[in-house]
Every structure is written in C-alpha cells, then in structure tokens.
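What follows are several structures.
Two complexes are shown next, each including chain A; its partner changes from chain B in the first to chain C in the second.
On to the complex of A and B.
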C-alpha cells in the first residue's frame, strides 16, 4: 500500500475505504492499526458492524496480529453499541444533538488516549441512524476536521454493493466528498471466480497510483500486485473478456 | 534407479538466481525433465522454492518424486488443480496450499510471494508446471502478460524462475514471448514432424 501511495497515507487524513462485502476492508483497516501499533502509535477501532469479540476472533488468524497489542492498550477496540448505551443513544434515529454528542465522545476518546490511527467500521452502519443527508455530511465533516486537528489519521470503512466505475463510493453519497482519500475494494469475476481488487481513487497530497491492484489476504497481511491489464474488468457484474 | 538427464544439471550450473529458465519438454519425458531440473536445484545447489502445479495436483507430483526416492518436503507446492475437484484439498501433506483455479493468475503470484516470505531457505526458485496447463484456462494475451510480470517479479527479487512447457502445444505468441523474457533455455522438447 505504501508503494501504491508513494509513501503512505498523509498524517491527519480522513480516508474512505469503500468496498463490497468480503473484499477485505476490515482486515486492511486492522492491519493499518497493527502497523501503527508496531511503530508505537496508539490506535483505536470503533466497530459498528460486529461485536468486538467476534472481530478479534476473526482477526486472530492473521500472523500480523498480536493480542498483546489489545492487552497493552496500543490498539483499543470499542463497540459502538456500548458507546451508544453509554451516551444514552439507544434509539432508532439521531438528531443534531445526538450527532454532536457522538462526535464529542469519539473525539474525547481519541484525545484522552492520544490516538493517532483510527478506524470506524463501518461509517455506513453508523450513519444509518442519521436520517438526514445534511446531518450525515455535518457529522462526517466535523468528525474528520476534529480528528485531523488532533493529528489522527482515520479510515472510514464504507459498505457498497458494487465497485463499478459508475457506482457511488459511499452509501449516502456524501462520505466521498469529505474524504481526503478514497480506496475502493471489490471483486472482479473471471470465469466464475472472484478475485479481490483494490484501487486508490484519490489521496490528497500524494502522487499515488490509480491502477487496479489484485489483493490477497495472507496471514502476513494484505498483499497486492497490479492487476493484469488483459484481465481487469470492472467488478463481479462484468464478465471476463468483455 | 531412475535415470536423470545429467546435462540439465550441468546447464543449471551456468544460471544465476536472477535468471529465468525456459524448460521445454515433450509429452513422454515431462516428469523426467522436471525431475532432472528440480533434483539438482534441491540437492546440488541446496535451494528451496515453490512448485506451482497447474498440470496435475500436488499430491500426485509429491508421490511421483517419493516413488523415485526424492524427498520434496522442503519444497512448497501451490496447487491450482485440486480445489476444483470435490475433496481434492483434503491432503496428507502440509507443504501444499491451494488456489481455486488456474484462472486466478494474480492470486498465484501473490501466494508465491507470500510463500517465499515464510520459507527459511536463502536461495529459492519458483517453478511453473506448466505453461500449457495455464493456457487451457487463460487467454493468450493475458497469459503472455502474466509470464512477463511473473518472470520480472522474481528476477527483481533474485529468485530463479523455471518455466516448464511443451512447445508444440503452447500458443505461438506466448512461446515467442517466453523466448524473449527468459534468459536461458533447456530444450528437451520432442521433435514434431507435421
């Protein structure tokens, strides 16, 4: 990833990692935190899609992950449901005050622990409770700005149903506008087999590659290679060779 | 005792780690040529490596080597065949990993790179067995592009690449590209009179 980005994600950036199900978003997000933790950075992961116990159980299979990083407090995993409950936000939808309370809680956690790498998995699940597009935009913009001010580099994971050229890279159509970077992840179908790919669409402040890369989730982490030019088609809705 | 082609071992003394060797064989001598290539690499040059099985399943290849008294437990096998067979991945050897299909060329490359990172040998080779099998599933231009990427990837990492093929059954464009990319040729292909 550092090679593709010609050095990595710039400090303080808010990056949208948009991908279809099973494309490796969570693994990439967790590896981003692990690499930070190995360099002594404090990291945080807010999980809204699955309980933290399940997340950690799944991530344990990877050799790059070490449970000591959790035990020693280098990587802090927060269940969004627990956070909602703690903030008294056990409700179906959030209004402006709720959104501000949520931003304050996340920023307070980041500030208190001194988090420099943060993953929110997923911003799609989180934003389901925010009914207005304007509120979603305000929430993400304000959150991104406050985290950047604190020097925190953030990956917002977004769930999308298709990764074609014509697809939105976010569920609500606003996340991509506030992000400093967009990484798209999906599948290419070749004769009935799904091949994972990753493409950096945008990364402010870098002269990054925009090529489609095939990825493999190995025990050592996400590995990438440029996709074969004669084999790269849009996504699983497209057919090989067309 | 199985008779090996000693001239292949002699030829291999002239290649370096950043070489890419095209090994041509025929239908009837494919295993003998493969064994004559692999055994010196393991035993004379003490190399480790990755054997990419596209022609037949890894178990069959391991057992073929076992049957001539050659232990290949130090070699890692990437099997592109057996996953497509029901129950084909339930194997008694722990030096085999599977890729779903020979069509997943990028996965094969990444899986090979990953395997090279976890093995302990300092000097390594990667062997593709064979271009013919890959050509069954992959379109000519794509296969030519892949071999170009594959060879250069390992040349850059100083990993010897061995590309096995039966020349009279390889698409002409792929074969001529191989001639261009590979630094060395071991030719044990059968002469075909049309």
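On to the complex of A and C.
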C-alpha cells in the first residue's frame, strides 16, 4: 500500500475505504491499526457492523494480529452500540444534537488517549441513523476536520454494492466529497475466479498509482499484487505467440 | 393461566368469603368487608388520603408472605415510616417501582447527559473500550408488575398505588389490558386487589373501561368547607351488592389512620 501511495497515507488524512461485502475492508482497516500499534501509536477502532467480540474473534486468525495489543490498550476497540447506549443514543434516528454528541465523544476519545490511527467500521451503518443528507455531510466534515486537527489519520469504511467504474464510492454520495482519499475495494471476475481488487482513486498530497491491484487476504495480512490487464480491448486484436 | 385452583378446606375457613378493608368501620358499612376475588379500583383526588388508605388496605395482612404493596410514588423509607407509625405489619412485601425507575432509567439518562455535556474522562474511555455488550436493562415495569401480581397464590392481598405511573408512560389501553389479566387472576385465586389511579390522568373512556372491569369502584374526594377540608369516599359500584353503595366521610387520626365519621347510603 505504501508503494501504491508513494509513501503512505498523509498524516491527518480522512480516507474513505469503500468496498463491496467481503472485499477485505475490515481486515485492511485492522492491519492499518496493527502496523501503527507495532510502531507504538495509539489506535482506535469503532465497530458498528459487528460486535467487537466477533470482530476480534475473526481477526485473531491473522498472524499480524496480537491480542496483547488490545489488552495493553494500544488498540482500543469500541462497540458503537455500547457508545450509543452510554450517550443515550439508542434510538432509531439522530438529530443535530445527537450528531454533535457523537462527534464530541469520538473526538474526546481520540484526544484523551492520543489516538493517531482511527478506523470507523462502517460509516455507512453509522450514517443510516442520520436521516438528512446535509446532516451526514456536516457530521463527516466536522469529524474529519476535528480529527485532522488532532493529527489523527482516519479510515472511514464504507459499504457499497458495486465497485465498477460507474459506481458511487459511498452509500450516501457525500462521504466521498469530504474525504482526502478514496480507496475502492471490490471483486473482479477473471477466468471463472472472483478476484479481490483494490484501487486508489484519490489521495490528496500523494502522486499515487491509480492502477487496480489484486488483494489476497493471507494469514500474514493483506497482500497486494499488480493486476495483469488480461481481457483489455488491445489484447483482443492479437493472439498468443503472434 | 390455570383454569382451576384448588382451595383447602382449612384456608376457606381461615380466610372466609370476605376480607377486611383494614378499617373496621368500613367493613361494617360494607356488610363485612371486601369479598374475596374482588378487584377494587379507587379513583382519587390529590390530598384525598388515598395513599394512606392504600397502605391501610394491606394492614390486615392475613398472610404477610402473600401480601404486597406496590408503590410507584413513595420510597421504602417513607412507607416503612407510615407502617411503623400506625403499627401495621412490616413483614409484608413492598415494591417501590418509582425508586426502581429512578435507579435504573433516570440514573442512566443522567449519566448520558453528563457524558454528552462534560465528555469522557480517561477511566470512562478505558471502561468503554472494555465493554463488549450493551446492558439489556430495558425495563417494562408494567409487565413486571403484572407478573408480580399474577405470581401470587390463593387468597393474596395486593395494592397498587398508583396506576398513574403507567398511564403516563404506556399506552393506556395496554394498561387496561393488563388490568383485565390481573382481575381474572384475582377472581380465580380469591385474592383482593386494590388499585388507585388519579382522576386527572385518565380519559373518561379509560375511566369507564376500568370501572367496568372493577368489582368495586371507590371515588376518593377532597373538598373545602370553610377553612377546613373534608375527605370522603363514595362507593359507586359494588358488584352484586348495590346496597353497599354509600358515601363515607372520613378523617385521618394519628391512632387509626383513616377513620370514617359518617356513612350515607346511596341506594
């Protein structure tokens, strides 16, 4: 990823990791935190799509993950349901006050424990409770701005149904506008196989590659390899060996 | 619900067909007391003495283990003080739903307000990061209370003071539905259930429905006469004994609690 981004994600950026289901968003997000924790950075993961118990159970099969990072407080995993309950937000939809309370809580946590790497998984699930598009935009923009001020690099995981060229990179259409970077993850069919791919669409402040890369979720973590351009229009004009 | 309840001969002799109101003069006026199996509903005015009457209603406590006072407005301490003052039995069951509500619901809301206003402190964040499940403490006090009554055995005596708490938080028709269940249980188990509700918290339609379910309806009133207050209870319904319909003027004495002064027959 660092090579693709020509160095990595700029500090304080808010990056939207948009992907279809099973494309490796959560694993990539968790590995992003683990690599930070290994470098001694304080990290936080807010999970809204699955209970933290399930998340940790799934993630512990990867060799890069060490439960001690959770126990020692290097990686702090927060259940959004618990956070909602503590803030009195266990309701169907959020109003402006609720959104501000949520931003304040996340910023408080980042500020108090000095979080420099943050993952919200997923911002789509979280934004479902915010009924107005304007409020979603305000929420993401204010959150991103405040986290950037604190020097926190944030990955907002977004669930999308399609990762084709014509697809939106976000569910609500506003997430992509406020993000400093967009990483798209999806599946592509190659010779009867469903390959996972990753593509950096945008990353402010970097001269990143825009090529599609195949992802393999190995026990060691996310492995990326450049994709061969089989099936491209130019390939159809010539045949093997000619 | 059980369709048949077996009563022992001993119990039948001990409890009899009627139970005391806890006020001997009322018992006399009602030709013995409250028939077993009766649901008594008291529609109340503020300051009419119904809270004291409700407590006094439990004082006969034929079986203290099978007697309960469910209070939604008072604390255990306040209730104990009244029972000690009038030397009523203190070994009955007491449940203070108002206190439970404060402890379980309001405290949580207060804490949420604090977090929202003041933010999280480091120990809060550490605890939050360690908390994996939301405490499932959603409370349905109405169901809990109904279950409490429905779990009581034959010849129980129970008082709910008052239904206002539920009328203000729940759909009144749901409260009435629960009341029907409690009435059926009371009748089946030959219990005595006394329930109070403020006149101002219910609509005429709900009042009508509650009165229809009840076996006995009492109307607690307070009015000013000159510079004095007059408290009275009007029995507006007494199933199968219309001769008991009456207006009873009472006062509160330090010795006996509710003490009737005059009884005027309506029918």
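In this text, the second predicted complex is superposed on the first by the 228 of 242 C-alpha atoms of A that agree within 3 Å, B and C clash if a C-alpha of one lies under 4 Å from a C-alpha of the other, contacts with A are read in each partner's own complex, and residues count from 1 in each chain.
Operating definition for what follows: a residue touches a chain if its C-beta (ideal position, glycine included) is under 8 Å from a C-beta of that chain, and two chains touch if they have at least 3 such contacts.
Keep in mind that what you see is a predicted model, and the values were worked out from it rather than measured.
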{"item": "Chain B versus chain C as contact partner of A:51, first or second or both or neither", "value": "second"}
{"item": "Partner chain in contact with A:193 - chain B first, chain C second, else both or neither", "value": "first"}
{"item": "Touched partner set for A:214, first chain B, second chain C, both or neither", "value": "first"}
{"item": "Chain B versus chain C as contact partner of A:7, first or second or both or neither", "value": "neither"}
{"item": "Which superposed partner A:88 touches (first chain B, second chain C, both, neither)", "value": "second"}
{"item": "Contacts of A:78 with chain B and chain C, given as first, second, both or neither", "value": "second"}
{"item": "Contact set on chain A toward chain B in their complex", "value": "190-191, 193, 195, 214-216, 218-220, 223-231, 241"}
{"item": "Parts of chain A lying in touch with chain C, wherever the complex brings them together", "value": "51-53, 73, 76-79, 81-88, 90, 101, 104-105, 108-109, 112-113"}
{"item": "In the complex with chain A, residue positions of chain C that touch it", "value": "108-109, 111-113, 115-116, 119-122, 125-126, 128-129, 131-135"}
{"item": "Residue ranges of chain B touching chain A (in the complex, touch as defined)", "value": "100-101, 103-107, 109-111, 113-114, 117-118, 137, 139, 141-142, 145-146, 149, 153"}
